[in-house]
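Paired with chain B in one complex and with chain C in the other, chain A is shared by the two complexes that follow.
After this line comes the complex of A and B, so read on.
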C-alpha cells in the first residue's frame, strides 16, 4: 500500500472508474455514495448511445471493479461537509461519521432539469407529457403506453428543455440530449414500427463519434422526422392527446399537430451536492457546476490543493467522456500524491 | 361588397393532422436518397434558377415532405434541371431525380384531380 488515503464523493460512473484506477495503484480508496446502490444515472438507462450497448453491461463492469480490496464502499450516506485541515481533507456525513484523507475527488455528478419550470410545455399538468428519463424508464419496463394504456401511434420528442434557455438560467447546451433523442426515437420505432416519431430541434448537435451516422440511420432506416423549431406550447385535446404548436423554421411556416405523447429531452444541471460542496470550498464555476483550475490543462484540479474533480460535476458530459475524464482525474491525483510526501 | 375591408384569410399553418403524406411516401419509394437530406441548403445556394427567381429547391422539397403542395407545380417549373444541385449535395441526394419525380407525382394528382 502507498499509505495514502483518498476519498471519492459520488458513486456514479466517474467516481467508480476513478476509484478503480486509484485502487489498482495501491491507494486506499473510500467511496461515498448517497444512494443505496452505485451507478448513478445509468441505473435508469436501458441502452447507451450511440451503439446501443446494454446499460446493464457497463453497470456490471463498474460494480465488478468495486470488488477490489483497496476500495471501501460506503453507500446510503450523504456528505454534508468538506474542508481542508492542514494537508489533510475532512469529510463529514449526514449519519455523523467523518473521514480523513490525503486527497478528495468530487464526482458528484448532475441532476436532470425539473421540467415543471417550463410550464408552457405542460409537464406535471398533462399525463402524456413526460421527460426523457421517464420515457427511458418505460423502455426499460418493456412497454410504452399512454396514460390511458394505449400504444402511442405518434410521439414528439422536444430537444433543449432546460438548456439553451436564458429564462431558466441555463445558457449552456447539455450536449447529450440531441443524440439521446435520436436513440429514444429509434428505440420507440423498433418497439412500434408503424408509429410516427418526430424530433423538434433548434440545432442537431451530433458532436460525438458515430452520432452523425446514428442520426442518418434514424432517418434512412427508421423514418424519424426531424422538424427544426422549438415547441412553444403544449395543450391537451378533448381526447387527452397533446396539441403542439411550433414553427417549421426551414419551411418558414407555423406548424401544429396532435401527438399521443410528448417527451421532453431534459438537460443536465449541477447536482445539489456539487453546489454545496464546491461553495463550501470556494470553488468557482458557472451554473452551479464546479470549475477546474484550468481550461486547457488542469481541468481535473481545483484552486484547492488535494481537491479534484471528475465527470459531470464540471459540465455536461456523455458516459464515454465521463469514463475518460475519471481516468484523467485518477492520474492527476497520483501525480499530486507522489509530490506530496 | 367591394367596399368591405375584410376577407377570410386562408390558414398558412402546416397542420400535420391533415397533411397528406402519401405523396412523400411515393417520392421516398422512387428516390430513396431523399431521406439522407440534412437541409443544409447547398442545393439552393448553387441553383441557377434561384439566382434569378425566388425558387428554392430545399424549401420546395421540404413543403412537399410536409404535404404542402398548393402552387408547388408552378414553383417546380422554375427549375431548369441543370443538375448543379446534385453535384454540390454533400449527402449524395439525387436532387435532380427528386425534382422530376415531384413533378410527375404532382401532375398525376392534377390530371386525375384526386389524391394519390
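After this line comes the complex of A and C, so read on.
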C-alpha cells in the first residue's frame, strides 16, 4: 500500500472508475455515495448511445471494480462538509461520521433539469408530458403506454429543455440530449414500428463518434422526423392527447399538431452536492458546476491543493467522456500524492 | 393539480387591503357599462372599502401606445399625471380598471425602477406641462386581484352559486386572462402567465368548474392592431374562432374574462361568426355567454342582472341566469336608469336571442 488515503465523493461512473484506477495503484480509497446503490444516472438507462450497449453490462463492470480490496465503499450517507486542515482533508457526513484523507476527488455528478420550470410545457400538469428519464424508465419496463394505457401512435421529443435557454438561466448546451433523443426515438420505433416519432430541435449537435451516423440511420431506417423549432406551448386535448404549438423554422411556418405523448429531453444541471461542496471551498464555476484550474490543462485540478474534480460535476459530459475524465483525474491525483511529502 | 398549486404559490403578490384610487377604463364603459359601477358597489357596499372614483381621470394611452401612435415618453408623463391625481386624493393604492392600463402602469413603474433617469425626465415633463408633482404608488392591483383577494368573504354573501339548478352539478366555466394582466410581467399576476389563478380562484370558490381546453392560452382575437387596422380584422376573428372551436367539445356554460378587449371580442365575434357562417358554439344556436368578472360577482351576489349591464351583451345571458336560477324580470331588460324604455335591439339573423 502507498500509505495514502483518498476520499471520493460520488459513486457514479466518474467516482467508480477513478476509485478503481487509484486502488490498482495501491491507494486506499474510501468512496462515499449518498444513494444506497452506486451507478449514478446510468442506473436508470436501458441502453447507452451511440452503440446501444446494454447499460446493465456497463453497470456490472463498474460494480465489479468495486470489489477491489483497496476500496471501502460507503453508501447511503451524504457528505455535508468538506474542508482542509493543514495538508489533510476532512469530510463530514450526515450520519455523524467523518473521514480524513490526503486528497479528495469530487465526483458529485449532475441533476436533470426540473421540467416544471418550463411552465408552458405542462410537465406535472398533463399526464402525457413526461421527461426523457421517465421515458427511459418505460423502455426498461418494456412497454411504452400513455396514461390511459394505450400504445402511443405519435410521440414528440423536445430537445434543449432547460439547456440553451435564457429564460431558465442556462445558456449552456447539455451536449448529450440530441443524441439521447435520437436513441430514444429509435428505441420507440423499434417497439412500435408503425408509430410516428418527431424530434423538435434548435440544431442537432452530433459531436461524438458515430453520432452523425446514428442520426442518419434514425431517419433512413426508422423514419424519425426532425423538425427545427422549439415548442412554445403544450396543452391537453379533449381526448387527453397533447396539442403542441411550434414553428417549423426551415419551412418558415407555424405548426400545430397533436401527439399521444410529449417527451422532454431534460438537460444537465449542477447537482446540489456539487454546489454546496464547491462553495464551501471557494471553487469557482459557472451555473453551479465546479471549474478546474485550467481549460486546456489542469482541468481535473482545483485551486485547492489536494482537491480534484472528475466527470459531470464540472460540466455536461457523455458517459464515455466521463470514464476518460475519471482516468485522467486518477492520474493527476497520483502525480500529486507522489510529490506530496 | 399539485404542480398548478406550486405555480400559484410562486406567483403571489401583495394586494392592498383598503383605500384605493380607481381609474376607469376608456372602453369598458361603452362595452359593458355596468361592470365598473358594479365593482364600486361591491367594494363599498359589500366589503366596506374606501375607493375614490375621480372624474378627472383620463386615458393611460394604452391603445395608442400599443398601436405605435403614442411615444413612451408621453405615456410615462400621462401615467405620472394619473398618479398625481391619486396623490392629491391622499391615496397610495392604484387600481386601474382596464387590463391594458394595468400592463402600462407596471411597465412604466418597472422602467423607472431600472432607469431612474427616465423617472427624473418624467417628473420634469409633468412639471413643465402641468406644474404637478407625483409619487409612485405603493401598490398597483387590478380590480380582479381585489375581487380574488376577497373571494371567500364575498362567497359568504352570495345568493347564488355557479351550479346548475336542475342537475346540481358545477357550471363549466372558460376563464380567459388578458395578455397585459399576466404576459408582460408574470410576477404581476396571481398564478403566473401560463396557469393564472385569479379567475380560477373565483370560479372554484363560488362553486364552478374550470374548463382547461387546448387553446386556453391563445389570444382572444383583439390583439390591438389585429383589430384596429381594418385590413387585419380577419386575423382577429380567426383567432377568436380558433378558441371557440377548441372550447366547444367541453360544452362550457359561460366564459369569463378580466380584460375589456377579451370580453368584448369573445362576445361580439360570436355574433359575427353566426351571421357570416351560421355557426354557433353551443347546442341551441344561442352562443356561449361572455361575462366580465364584475358581472359574474354581481350576478352571484343577487344584483338585478339588468342593473349590472347583462342586457348589452351580444350573446344573451338569460340562458345562464336560468341555469343558475337567478330571478329577473324579462320586462325590465331594456328599461334604462331613468325608467324610460330604451327600445329592443334588432334581432340577428342566425344567433338566437
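One rule holds for everything that comes next: the second predicted complex is superposed on the first by the 341 of 341 C-alpha atoms of A that agree within 3 Å, B and C clash if a C-alpha of one lies under 4 Å from a C-alpha of the other, contacts with A are read in each partner's own complex, and residues count from 1 in each chain.
Operating definition for what follows: contacts are C-beta pairs under 8 Å (C-beta built on N, C-alpha and C of every residue); 3 or more make two chains touch, one makes a residue touch a chain.
Treat the numbers as computed from the prediction; the structure is a model and nothing was measured.
**Q** Have a look at where A:305 lands relative to chain B and chain C in the superposition and call it first, second, both or neither.
**A** After superposition on chain A, A:305 lies in contact with neither partner.
**Q** In the superposed arrangement, which partner chain does A:219 touch: chain B (first), chain C (second), both, or neither?
**A** first
**Q** Touch check for A:248: first (chain B), second (chain C), both, or neither?
**A** First partner only.
**Q** Examine A:238 and indicate which partner it touches, taking first as chain B and second as chain C; both and neither are also allowed.
**A** So A:238 only meets chain C here.
**Q** Per the contact definition in the header, classify A:119: touching chain B only (first), chain C only (second), both, or neither.
**A** second
**Q** Can you check the complex and tell me which residues of chain A touch chain B?
**A** Residues of chain A touching chain B: 216, 219-220, 223, 228, 248, 250-258.
**Q** Inside the complex, what are the residues of chain A that reach chain C?
**A** 116, 119-120, 123-125, 233, 235-238, 243
**Q** Residues of chain C touching chain A in their complex?
**A** Residue list for chain C touching chain A: 1-4, 6-7, 192-195, 212-217, 249-250.
**Q** So in the complex, the part of chain B that touches chain A is made up of which residues?
**A** Listed in rising order, the residues of chain B that touch chain A are 12-17, 32, 35-36, 39, 58-59, 62-63, 66, 68.
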